[in-house]
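Sharing a structure below in structure tokens format, with a few things to ask.
All chains are identified by letter, namely A, B, C and D, in their written order; residue positions are counted from 1 within each chain.
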Amino acid sequence: MKLHEHQAKEVFADAGIPVPESRLVATVEEAAEAAEAVGYPAAVKAQVRVGGRGKAGGIELVDDADEARAAAEEILGMELKGLRVDEVLVEAAVDFVDELYVGVTMDRGAGEPVAMVSTRGGVDIEAVAAEEPDAIVREGVDPVFGMQPYEARKAVYEAGVDRAVAGDVASVVRTLYGLWDDDDATEIEVNPLMVTADDEVVAADAVMNVDDDALFRQPELAESAEATDGDNLEAKADEYGFDYVRLDGDVGIVGNGAGLVMTTLDLVDYYGGAPANFLDIGGGAKAERVANALEVVFADDSVEAVVFNIFGGITRGDEVARGINEALTQFDEIPTPVVVRLAGTNAEEGMEILNTDLVTVEATLESAVQRAVDYAEGET
Amino acid sequence: MSILVDADSRVVVQGITGGEGKFHTRQMTEYGTNVVAGAVPGRGGQEVDGTPVYDTVAGAARAEDADTSVVFVPPAFAADALLEALDAPLDLVVAITEGIPQQDMATVYRKASETDTHLVGPNCPGVITPDEAKLGILPGDIFADGDVGLVSRSGTLTYQVVDSLTSRGLGQTTAVGIGGDPIIGTDFVDALELFEADPDTRAVVMCGEIGGEDEEEAARYIGERMDTPVAGFIAGRTAPPGKRMGHAGAIVSGSGTGTAESKIAALEEASAPVGDTPEEVVDRVEDFL
Amino acid sequence: MKLHEHQAKEVFADAGIPVPESRLVATVEEAAEAAEAVGYPAAVKAQVRVGGRGKAGGIELVDDADEARAAAEEILGMELKGLRVDEVLVEAAVDFVDELYVGVTMDRGAGEPVAMVSTRGGVDIEAVAAEEPDAIVREGVDPVFGMQPYEARKAVYEAGVDRAVAGDVASVVRTLYGLWDDDDATEIEVNPLMVTADDEVVAADAVMNVDDDALFRQPELAESAEATDGDNLEAKADEYGFDYVRLDGDVGIVGNGAGLVMTTLDLVDYYGGAPANFLDIGGGAKAERVANALEVVFADDSVEAVVFNIFGGITRGDEVARGINEALTQFDEIPTPVVVRLAGTNAEEGMEILNTDLVTVEATLESAVQRAVDYAEGET
Amino acid sequence: MSILVDADSRVVVQGITGGEGKFHTRQMTEYGTNVVAGAVPGRGGQEVDGTPVYDTVAGAARAEDADTSVVFVPPAFAADALLEALDAPLDLVVAITEGIPQQDMATVYRKASETDTHLVGPNCPGVITPDEAKLGILPGDIFADGDVGLVSRSGTLTYQVVDSLTSRGLGQTTAVGIGGDPIIGTDFVDALELFEADPDTRAVVMCGEIGGEDEEEAARYIGERMDTPVAGFIAGRTAPPGKRMGHAGAIVSGSGTGTAESKIAALEEASAPVGDTPEEVVDRVEDFL
């Protein structure tokens, strides 16, 4: 779960990392008032949970109330990478002499967290990582020891951070590690960490992702996740407990198991179609879950056909088929063709049971996907 | 021959008194797995379908000479259960549990790296050596004894491929689901090493997916050290960056690492053919044998 | 630093370990009132920082106010292993069916903490350890991982604790480990941990030693240490920053370095004398420190002679000698003979400088000790 | 020959800008020790008596090819300094600091056990190979080059014994102060192993004291594995139980472990004679040679 910038900054500030003065507002007039309060120059920043807001026009610098009003007018309500901007953070701009990058993330290969420090902050750090990997110092941290003070210092000095602020920067790095550890963060970064002319450091941006699997023990962070923004379909799928990702195509996809659903998406593409979504219905296939899954997929207006791909496993194909039949009868009208393919234990029995008045049955994954792609292209 | 598990494995089930644990213990036993004990704190002295339950894994291992554990403990308590199993000690620990926090797994991974125990999973379907033993939730019916080793990050995708293999007469030595989490015990390289050392495994299928760089490392290992031929499949070619595709570990990073393209290129570079469809993977295995 | 029982119980209770109701009092009448308040039977327990109070008559069970008064009368003011009892804890007696032992201490050889559980609580656990080591289950804890829940369970189940209370006992063990970890305890134990008929556990006694070297980061615990009881000389030596231990003999000993001072004590014994104290003056030997050390040793009425043994090392013998001369001139009268032996760098120059009107100089450790023993025996 | 340190050791001093660090760096350099760098966070780029200072130990080790560290950092920061030195990595780390909390040392000890670095101390006088190099606060003047190895938990007691050795013409290969704390890096057995492997060390003096069971373990090692003769001394015969005698580690437990009697008996059992006085220890060494 990605926190909003303003949420992450609150967490950082509580942990003792300096952040600029700011106000979160939802209207143009409030934005102007907030800018007056924090002083000029001020930044008006879209609060959506995506990266690259600056490039996409989601951040503007303003020098007076009129400019603040204009900026808020433009940003509030805009769509950034498919998400509508409902709030902006109005923040005092920092007068800086240097921009650093500091972060902590999980090094999957090493199975341990890694702290990163670079003097190349304020730019797309992933581009720096790709082009000049040596410009980012990485210090792996043994999770059972926790980050030791010397590790933070080592990263900071090896990155070439000015000695005048090195101690403060090392302290920010250790604080980020502490948040990583205490708050079950999977990724946490400050870019840029600004250095002022009088050798102070200020977190001008804040990124924090929290482990979804750990929200059960992070009740405060889980609460801030509930006030979710963004895609309604994703919110609905989340409510039903499905893993769901919306895409740009027109072939709706329902299946069980992440790998098999991804494979189904890939096959839609392979056969010339375009997947509309990823939806993992999980284990079993009771009528209610099937109905909920189809409700989510049908609610996407782009969908022209649905492929329903279940590998039976422990749950037998005949049970799955009965669940699908029961689910489909709950719809007054089935808005797009549904192609079903069952495999695994008792798959043949299952396919015989399926109600072919409601669905098209295919025997193989390949043929099911091809048929759905054909339907989506208007061929029947 | 086989890897990791066989008919002689003596299995303790952690979480045997829970719904899933109980159900799958029955399934495992029916398949022929030698489940010798359960371990659930406070439930020592009870029995589940005739299997004795102990309060601790160490107690179960000592009393029943167990060497293997399968873990069905809920996510909040799973790390403790895994640490307990690793400390017992056992030869193999298979973690079925899905949704274990990453930090807990970082601790478990650290502990596992200090032991000689094979940890498989978490968030995996398990390990099966057809006609000998199965550990976990895999559907035993679709597997058949044979010459093909299989290692996969995914459950149902594994079943899809196995189903094709079996229906074309290509049985399996052992199939290992290594799990879809970012931090897992046994990874592709570990499993490939075991298959390479197994004289009965004449070909290997490796089902990878987006996220991380395990497949790239596996490709290096295949290219440099393996004689046994490997056919690959990579799921998630159409996944957008930054979105978690079901598995916690199945995510292409914003900076573009962990893509299917990179993994496919690495495998083909290592002369491990990658199928565009699951059926094509099985075609490649047929070519090998 | 050893906490008083009542201090340790407060720490335990704050951490969630059940303790009996109790009151700390300093007078006989308060003791009677306290007993009325906590109910009968009640225990009246001497609060001195030594083990084995029960055997030494420092704990009595009372059944009414008169008995409480009598017990307090007897215990308050008594001497237990050389320490005067100024306060008693009046505590509700626990009606128990079982007595367990649980503790956490440092395993020096392994360099890690070890948790211990035994169903043989309520008796001298060190005797159990010596006679029946298997009756105490020891579970070593990796300090960087910290104690995991399974480790506490394992120790508890392997000790044979009844399953009905095993979970609660395991929880007490983990709490003790937490205190060990958070409070820099070096030793922490509950003996007995009582089990009641309705399967509750209660800490009937509480022992907690805190690492002296960690008091700088344990301000609250350091404060409770300041209200120190016991030997006045030890308190004075502590104030001056000396490592000092009072013994039963009549030969006072001052030296530098723990090993050399211990050796000097041993030599006093070897040559037929009896050491009166251990006093390590530490590095250097400035006049003020020498004077302070002699003040502490002279203040012990038992002392009949003093041996002053300094190995020069980095600090040269001539400087040490000047310090000793200067210190001795500060005393109007030197109450007992002082034998000085200097060794190491510039030792000979040092011995020439020493004022032999004030001290006896000996060239070797052996002869210095022998001379001091002779003085103490009245030979001159 | 010698153990642990010689004229080729390249030494970094952690805490070189502090009072003690500065003073003893001068003493070490005067003795001939090859002090190549200091390490103090925030002081990089400065010099102390011509020795360059770096912000990190890793930086110092890289720039000056250091392989050894001596640590004079105050107790509250010492564990961090030791972990940094162990991570650098170096061959030898000597911790002079007294008063490091036990829990900090438990962490350091855990880290040290994962590395190949020799950690000596803390709360120790240091290590000296006469006429080659000294690390720490030992008074160089009293030592002389020779055939006797010395290992001791105590500082001034070591000097007392060395003074006698030297005045009787018995020089030393190397003297190692292992320190008086309950948790230390190099222990008696570690040091004895090094002396046993050193062809020039023809006899060893081992100065133990009350507390712990290191001397008993050393006695087992001497009895079972050592050819080089060992003479012992044990301080604290008259120490009462439960009282810390100056050193944090010098304490006879209430249950009676860690007594001088037990240690003396163990050594004599292992045919390592124990002197009743320091002079007697030197007599025994004379008997050996």
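Annotations for the structure displayed:
The working rule: contacts are C-beta pairs under 8 Å (C-beta built on N, C-alpha and C of every residue); 3 or more make two chains touch, one makes a residue touch a chain.
Note that the structure is a prediction, hence the values are computed from the model and not measured.
Taking the definition of touch as given, a chain qualifies here only if it contacts subunit A and subunit B alike; those chains are C.
Within the contact network of the assembly, the step distance from subunit B to subunit D comes to 2. When the C-beta contacts at B-C and at C-D are tallied, the pair with the greater total is C-D.
Centroids of subunit A and subunit D (each the mean of its C-alpha atoms) stand 55 Å apart. The centroid of the Cα atoms in subunit C and the matching centroid in subunit D are 27 Å apart. For subunit B, residues that reach two or more other chains under the stated contact definition are 107, 110. Touching two or more other chains at once are residues 142, 144-145 of subunit A.
Chain contact topology: the protein chains form a pattern that is neither a line, a ring, a star nor a complete graph. In summary, the structure contains touching chain pairs A-B, A-C, A-D, B-C, C-D. Those residues of subunit C that touch subunit B in the complex are listed here as 145, 148-151, 153-154, 157-158, 163, 166-167.
Those residues of subunit D lying in contact with subunit A across their complex are 41-42, 44-45, 55-59, 77, 80-81, 83-84, 87, 107, 110-111. Taken together, the subunit C residues at the contact with subunit D in this complex read 51, 106, 108-109, 111-113, 126, 129-130, 142-144, 181, 184, 186, 211-214, 216-217, 243, 245, 247, 255-263, 265-270, 275, 278, 280, 311-314, 343-345, 364-366.
The touching residues of subunit B, when paired with subunit A in their complex, are 24, 27, 75-76, 99-103, 105-107, 109-110, 113, 137-139, 141-142, 152-160, 163, 180, 182-183, 207, 209-214, 217, 233, 235-240, 242-250, 253-256, 260, 276-279. On the side of subunit C, the complex with subunit A involves touching residues 142, 144-145.
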